[in-house]
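Per-chain residue numbering starts at 1, and chain names A, B, C and D are given in the order in which the chains are listed.
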Amino acid sequence: MNALDQIFISVQHGMAGLAPAPLQPLVLMLLSIAGLMAVFGSCFALTTILERKILGRMQNRFGPNRVGPCGFFQPLADGVKMLTKEDIVPFSADKALHFLAPVALTVPVWLAFAVLPFGRNMSAIEMDAGILFFFAIGSASELAVFMAGWSSQNKYSLVGAMRAIAQMISYEVPLVLAGVPVLMAAGSLSLPDIVQAQSNFVWGFVPRWNVFTPWGLAGFALFLIAAAAESNRCPFDLPEGESELIAGFLTEYSGFKYALFFLGEYLGLFAVTGLAVTLFLGGWQAPAPWLQWFPSWGWFTAKFGALIFLFIWARATLPRLRLDQLLNFAWKFLVPLALINLFVAALWWKVPAAMPVRWLLCAGLLVVPFVWLARIWNGTKPTQRHYDYAG
Amino acid sequence: MPGEIAFYLIAVFTVAFAAAAMTLRRLVHCALCAAAAFAGLAMIYLQLDAEFVGFAQLLVYVGAIAILIVFAVLLTRGDEVAPGNKQSSPSWMAGAAVAALVLAAMAVAILHSPSLHRLAPSGAEAPVRRIGGELMTRYILPLEMIGVLLTGALLGAVVIAMRDEPETKQPARDVAPKPAEPLEALNSR
Amino acid sequence: MSAPLSHYLILSALLFSIGFAGAVARRSAIIVLIGIELMLNAANLNFIAFWRYGPHPEALTGVMFVLFSIAIAAAEAAVGLALVIAIYRQRKTIQVDRLDSLKG
Amino acid sequence: MKYPVQYLWLIPALPLLMAGLGALLKRDQRRLAASLAIGGVAVSWLLSSVAFFTNLSAHPFRQTWSFNWFDLADTTVPLGWVLDPLTAIMLMMVGLLALLIFIYSLGYMAHDWNFTRFFCFMSLFAAAMLGIVIANSLLLLFICWELVGLSSYLLIGFWYEKPAAAAAAKKAFITTRIGDIALLLGMLWLYSQSGTLLFYDHGHGCLEQSSLARLAAATTVGGMALSTAIALLIFAGAVGKSGQVPLHVWLPDAMEGPTPVSALIHAATMVAAGVFLVARAYPLMSAGPHPAALQVITWVGAITAVFAAAIAVAQNDIKRIIAYSTISQLGYMMMGLGVGGVAVGMFHLITHAFFKSLLFLGAGSVIHGCHGEQDIRKMGGLRKLMPWTFATYAVGMMALCGVPLFFSGFWSKDDILRAAWAWPVSTVPFCLGAAGAFLTAFYMTRQASLVFLGKPVDAASPAHESPPVMTIPLAILAVFAVLVGFLGTPAWPWFHSYLNGESASLEPAALIAGPQLALLLLSTVVVGAAFFLGWRIYGKAALQSSREIDPMQKSLPGLFGLLQNKLFIDEIYAATFLRLNAAFARFADWMDRVIWGGAVNALSALTVLCSRLNRSFDDSGINAGFDLGCAELRGAGGFLSWMQNGRVQRYLRIAGLGLGLLLLALIWGCK
C-alpha cells in the first residue's frame, strides 16, 4: 500500500538519482514540473472531450463521436487544427502586448499548481504561505486578460476584458473570504498542513473534513460559486459571451494563441478545483478509515473528478447571468455571507464542543441570513437599464 | 553564488521595467511595466527570505493597484496620445536634475556607510505564524488602524469617483457596486 | 543569498530616483502616482533589506512595517486614482501642470 | 464627589463620541442628532462641575496624569491632562456656554436642512475645545488646537453654498494657519531644548522650575533669551487664533457662519483659546529676569484693543460690530495677561465669554426676528417688538461697556486698567486701554440706539420675538453676565486667589485703597462720557425714519470712511501680497529658464538677476510708507506664495531638492 501510495515520489527520486549530485535538486524540480505539465496537460485534453460528451448526453444528443473510438481522439484533432491555423494579428493591434497576453495568462496558472498537494508528500514546493502564493499568482491573470483585451484595439475585446476583470476582482473577494475560515481552523497557510488538519475521524467513521461543519459547508458552496466565476465558467461566462461580445477578449485571437487561452482557462479551473478539494474535502484523505488502502493521489483524483463533473453539470443546467446580476450577486450576496461565515467559524471554535448546540447555533446563524438575503434579492424586480452606447 | 546571480538578474529586470514605466509614451504600457517592476520587487523580497511580504506585494500591487491604474487610464482616456501632445512637463529637466541629485546623494551616503559589505546573517526567516502572532498582539493597534484606514479609503474612493447623478429627483436606482461603475462608464463611450 | 547589503540599498536608491524623476517630470497624474508608488516600494525594499541584514532578524519589525506600508499604499492608490478620475470628470484633463487652481 | 484626574479625558470624549455618532445620522434624524449633541455636552458639563468642585478643595491644587502615547526608539512621547484652577474654570465656562448655545441653536437652526450636520460639527468643536483646556502637553494642546481650527472652518463655511461663507472659511483657516506654523515651530523648539512637552510633570515639565531656568539662561539670536524666543513663537500662534493685529482679518469675515457659531466659537471659546494658551504658558512667557515676551504681548494687546474698537465705530453690520468688539476685548485680555498676570487676563476672558456670547445670541435673536436682516441702519424700534431680547441685550451691552458696580465687564476691565496703570514699563497701554473703553461704550451706544430705539424702519417692521428656546438661554446668560463680575472685585478677589491657589478674604477697604478709587471713578467718567456722546449723536438720529447716511459720516466723512473700510487693511494686504507674488513669480520663471535650462550664459543671467531684483526693489520702494511690521509679513507671504504656484510637481521638486541637500549635509556633517 505504501509503495503504491508513494509510487510517483519513488519514481521521481529514482530518476533524479541518476543525475550528478550537485544537480539533483534541480532535476527533482524539473521532474515535478514535467510531471505536472504532463498530467494536467492530458487532463485538459480529456476534460474537453468529456465535457462535450457529457453536455451532449444532457442535451439529448451525441457528443463528438467521429474521431477515434467513440470520438475520443477529438482533442488531438482539435489540437492539430489549432496549431496549424494561421496566426492572425490585427493591423492596429499592439503587437508586443498581443503576443504576451496568452503567455502572461498561462504561466501564472501553471505556477499555481506548484503548491497543491496531490497526495501524501506530493506537492512540488512546500511553502509556508502556500495559499497566499496561490492567490497572489492568480491575481496576475487579470492583467493578462486586460492585455489581451486592450492590445486587440477592438471595442468588443475591450468591453469583454473589462467585464472579465470586474468579474474576477469581484469574485476574488468571496473566494478568499470563503477560504479564510479553513485557514483559521488549520492555523496555517500551508496547504499540506491544512490537509493534515483534516485527517482523523469523528466517532471513528465521519471524516473530519471541513465540509462536514456548518461553516465548512457554507464556505464550500461559496467557494465553488466564486471559483466558477473566477475561471469564467458557465453560468458566469459572460466576459466571453459569444452571442453578446463575439467571445470578448478572445475575439482577435486565433490559432496557437487562442489555444493557449483555452488551456489557461481550463488550467485555472483545475487549479481552483484542486484548491477546493484541499481546503474543504480533506485533500487526499480517504473518506473512511477502512478505505485508507487506496492511494492518496487516487482519492485526490476522485474528488477532483467529481468536482469537475459538477462544473460541467452546472454548465448544462444554468443559463448565463446578466452583468449587473453577476456583480450584485457577488457584492450583495456572496460577500456578506462570506463575512458572516467567517464570524460563524470563529464562533465555532469558541463555543464548547457540545455537538448539537454548537451545530444548531452555527447553522442557524448561517441559514437565517441566507434566507433573508435571498428573499431580499429575489424580491427586487430587475430594473430598467440604460445603455447609452446602443443609441 | 546562484543567489547572487538571481539577485542581479532580478535587479536589472526591476530597474529596467521601472525606468520603462516612467519613460514610455503610452500610459497603458507604463502601467503594465510598473506592474512588472512591482512583481520584480516581490521576487526580491522572496529572495530576501521575506516570503509573506513578497506574496502580499504581489497580491496587492499586481493584483489590485496595477488593475486600478489600468482602469484609471482607460477611464481618463489617458491612453490616447495626441500627436503634438508632449508627455513630459515643461521643466522636466529640472525634475531630472533633482532626481539625479537625490540619487547621487543617496549613493554617496550608501557607499560611505560602514555597513557596506555586511553579509546577511543566516537563518533569518519570517514565518507566517509568527507574523500572524505579532499582528494580533504587539501590532494589534496599528492593525486596527489600518483596518479603519482601508475602510475609510474604500468609502472615500467610492464617494469621490461616484458620478454625480444629473437628476436627483429620480428615486435612487439600484446602484451597482464599485467595480461595475467603470464598466458603465466604458459602455457609455 | 550573498549579495552585500549595499547592493540592495543601491537598487532601492535607483528605484527611488527613477520614481522621483517620473513623478516630477511627467505630465500625466497617473504616471505621477505610479512614480510615487515606486518611491514607496523603494522604501519598502530598504526596510526588508535592513531587516534581513540587521542584527535582529527575529524582531520582524521591518517585515511588519512593510506590511503596513503596503496596506497604506493600497489605500493611497485607491483614493489617488479616484481623485484622478474625479478631476478628469471636472476638468477633462489629468495633466498635472494644468491643475493649478491652488496657485497662490 | 471626587473627580479622579485620570478620567478627565471623559469630558472631551463625550462630545467627540456624539460628534462621531452624529456624523452617522441621516439628514432627517434631527431630533436624535440634537438630543445626542445636547446630551453629550450636558453630561460633560456636569462632569466639568464635578471636576471644578473637586479642584476647589483639592490639595495640591494642581493634579496631573500622563501616559505614553507612543515610543520611538528611546524617545517616548507622553500625553496627559492637568486639573488646576485654570482648567477647572475654563471647563466650567466652556461647558456651560456650549450647553446654552446648543440649546439656543435648537431654535436658531430649526429651519436649516443641515441641522444634523450642524450639531455634529458643534460637538466636534466642543470636544476639541475641552481638549485644549485639559491638555497637559503642548502636543495634545496643539492637536486639539488644530481640531478647533478645523471645526471653526467647517462651521464658518457651514452655509457653503454662499460664496462669501466659503471664502470666509478659507480665509479664517489660512490666516490662523500662519500663526499655527509659528506655534508648531515654537513647540518643536521647546521640545528640542527641554526634551519634553508636558507642562507639569512632577518637576520635569517644560513649565516647571528646572526647565524654565535652563531656558531663561540660554540665549539665542540677538542675545534674546531662549525662553523669550519660544514664548514669542507660541504667542504668534495665539495671535492667529485670537485675532490680534496683524492677523485679525479673518475674525470679522468669520461672521458669515451661523450666529450660534459666532457666539460659541468666535466670541467665547475658540478665540479665547489664544488667551488661554498664553495663560497656560505664562510661566514660560514670564521666565527670566526681563520677560520681553510679556511686553510684546502687552503692546500687541493694547494696540489691538484700540484699533479694533475704532473700526467697530463705523460698521453697519450688527454682527461685524460685535466681531470687532471681540477683537478689541481679546486685545484687552492679552494686555491684561501682559501687565497683570494670569488672573487679570483670565478674569476678563471669563466675564467676556458670558456677556459677549449673550450679545451674539441677542444679535442672533434680532437677526432671527428680522428675517435675516443684519444691517443696523435698517432696524430700529425693536425695543417694543422684542422685549426679552432688548432687556438681555441691554445687560450684555452694559457689561461690555463696563457700567459701574453691577456689571461684570466693569470689574474685569477695571482690573486690567489698574494693572496697566501700575505697569512699570510705560503708561501708554493704560491710555490706549482707557481710549478703548471710551470707544467701546461709544459704538455700543450707537448700535443699541440704532437697533432698539426709535421707530421701526424697513426690515424691522414685521419683527417678532424669538421662541423661548432662544430667549431662556439669553436670560440665563444675562444673569451670569451680571453675577460673574462679583467673583473678582477688588474687595473680594476670589477669582485671583483661586487661580493662584490661595484663599480669598473679604476686604471692602481695598475698594478705596491707593489709586483704586480714582481709577474706578475715571472709568466711570469715561463710560459716562461715551454714553453721553453716543446718545447725542445717535439717540436723536434713531428717531428719524430714514438714515441712509450716518450722522458721523456727515460731520467727519474722511475718518468715518477710513474706519468703515476697516483702515483698508484687507486692501493693503491684497495689494502687497499680489504685487510681491508677481515679483516672485517672475523670479521663479527666471529660475526655471536660466538655471535649469542651462548654465551656458551664466554671466548674462547674473545681469538679469540684478536688474530684476532692482526692479522688484523699485516696485516695492514706490509703495513705501507702509510700516515695517507689514513689510516683513509681506515678505514671508510672498515667499510662501512663490512656492505655492499650485503645481504639485514644483512642490515635489522642492521637496526632492531639500531631501538631496539634507542628505549631502548629513554626509558632510558625519565626516
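Everything that follows uses one rule, which is that contacts are C-beta pairs under 8 Å (C-beta built on N, C-alpha and C of every residue); 3 or more make two chains touch, one makes a residue touch a chain.
Given the structure is predicted, the values throughout are model-derived calculations rather than measurements.
Q: By CA centroid distance, what chain is farthest from chain D?
A: Relative to chain D, the chain with the farthest C-alpha centre is A.
Q: What's the distance between the Cα centroids of chain A and chain D, rounded to whole Å?
A: Using C-alpha averages as centres, the distance is 65 Å.
Q: Approximately how many whole Å separate the CA-defined centres of chain B and chain D?
A: Roughly 45 Å separates the two chain centres.
Q: Using CA atom averages as chain centres, what separation in Å is found between chain B and chain C?
A: From the centre of chain B to the centre of chain C is 7 Å.
Q: Using mean CA coordinates as chain centres, what's the chain A-chain B distance in Å?
A: That gives a centre separation of 27 Å.
Q: Where in chain D do residues touch two or more other chains at once?
A: In chain D, residues 649, 652-653, 656 touch at least two other chains, as defined above.
Q: Could you pull out the residues of chain B that touch at least 2 other chains?
A: 52, 56, 64, 71, 89-90, 93-95, 98-99, 102, 106
Q: Go through the chains and record each pair that touches.
A: A-B, B-C, B-D, C-D
Q: Tell me, which parts of chain B touch chain D in their complex?
A: 89-91, 93-95, 97-99, 101-102, 104-106, 108-109, 112
Q: Can you list the chain B residues touching chain C in their complex?
A: That would be residues 1, 3-4, 7-8, 11, 14-15, 18-19, 21-23, 27, 30-31, 34, 37-38, 41, 44-45, 47-50, 52-53, 56-57, 60-61, 64-65, 68-69, 71-73, 75-78, 86-90, 92-96, 98-100, 102-103, 106-107, 110-111, 113, 115-121, 123-126, 130-131, 134-135, 139, 142, 146, 149-150, 152-154, 156-158, 160-161, 163 of chain B.
Q: In the complex, go through chain A and note every residue touching chain B.
A: On the chain A side, the touching residues are 97, 127-129, 132-133, 135-140, 142-143, 146-147, 150, 158-159, 162-163, 165-166, 169-170, 172, 187-190, 323-324, 327-328, 330-332, 380, 383, 387-389.
Q: Residues of chain C touching chain D in their complex?
A: So the residues of chain C touching chain D come out as 20, 23-25, 32, 96-97, 99-104.
Q: Under the definition above, what is the set of chain C residues touching chain B in their complex?
A: Interface residues on the chain C side: 1-11, 13-28, 30-31, 33-35, 37-38, 41, 44-45, 48-49, 51-53, 55, 57-58, 60, 63-64, 66-68, 70-79, 81-86, 88-89, 94-97.
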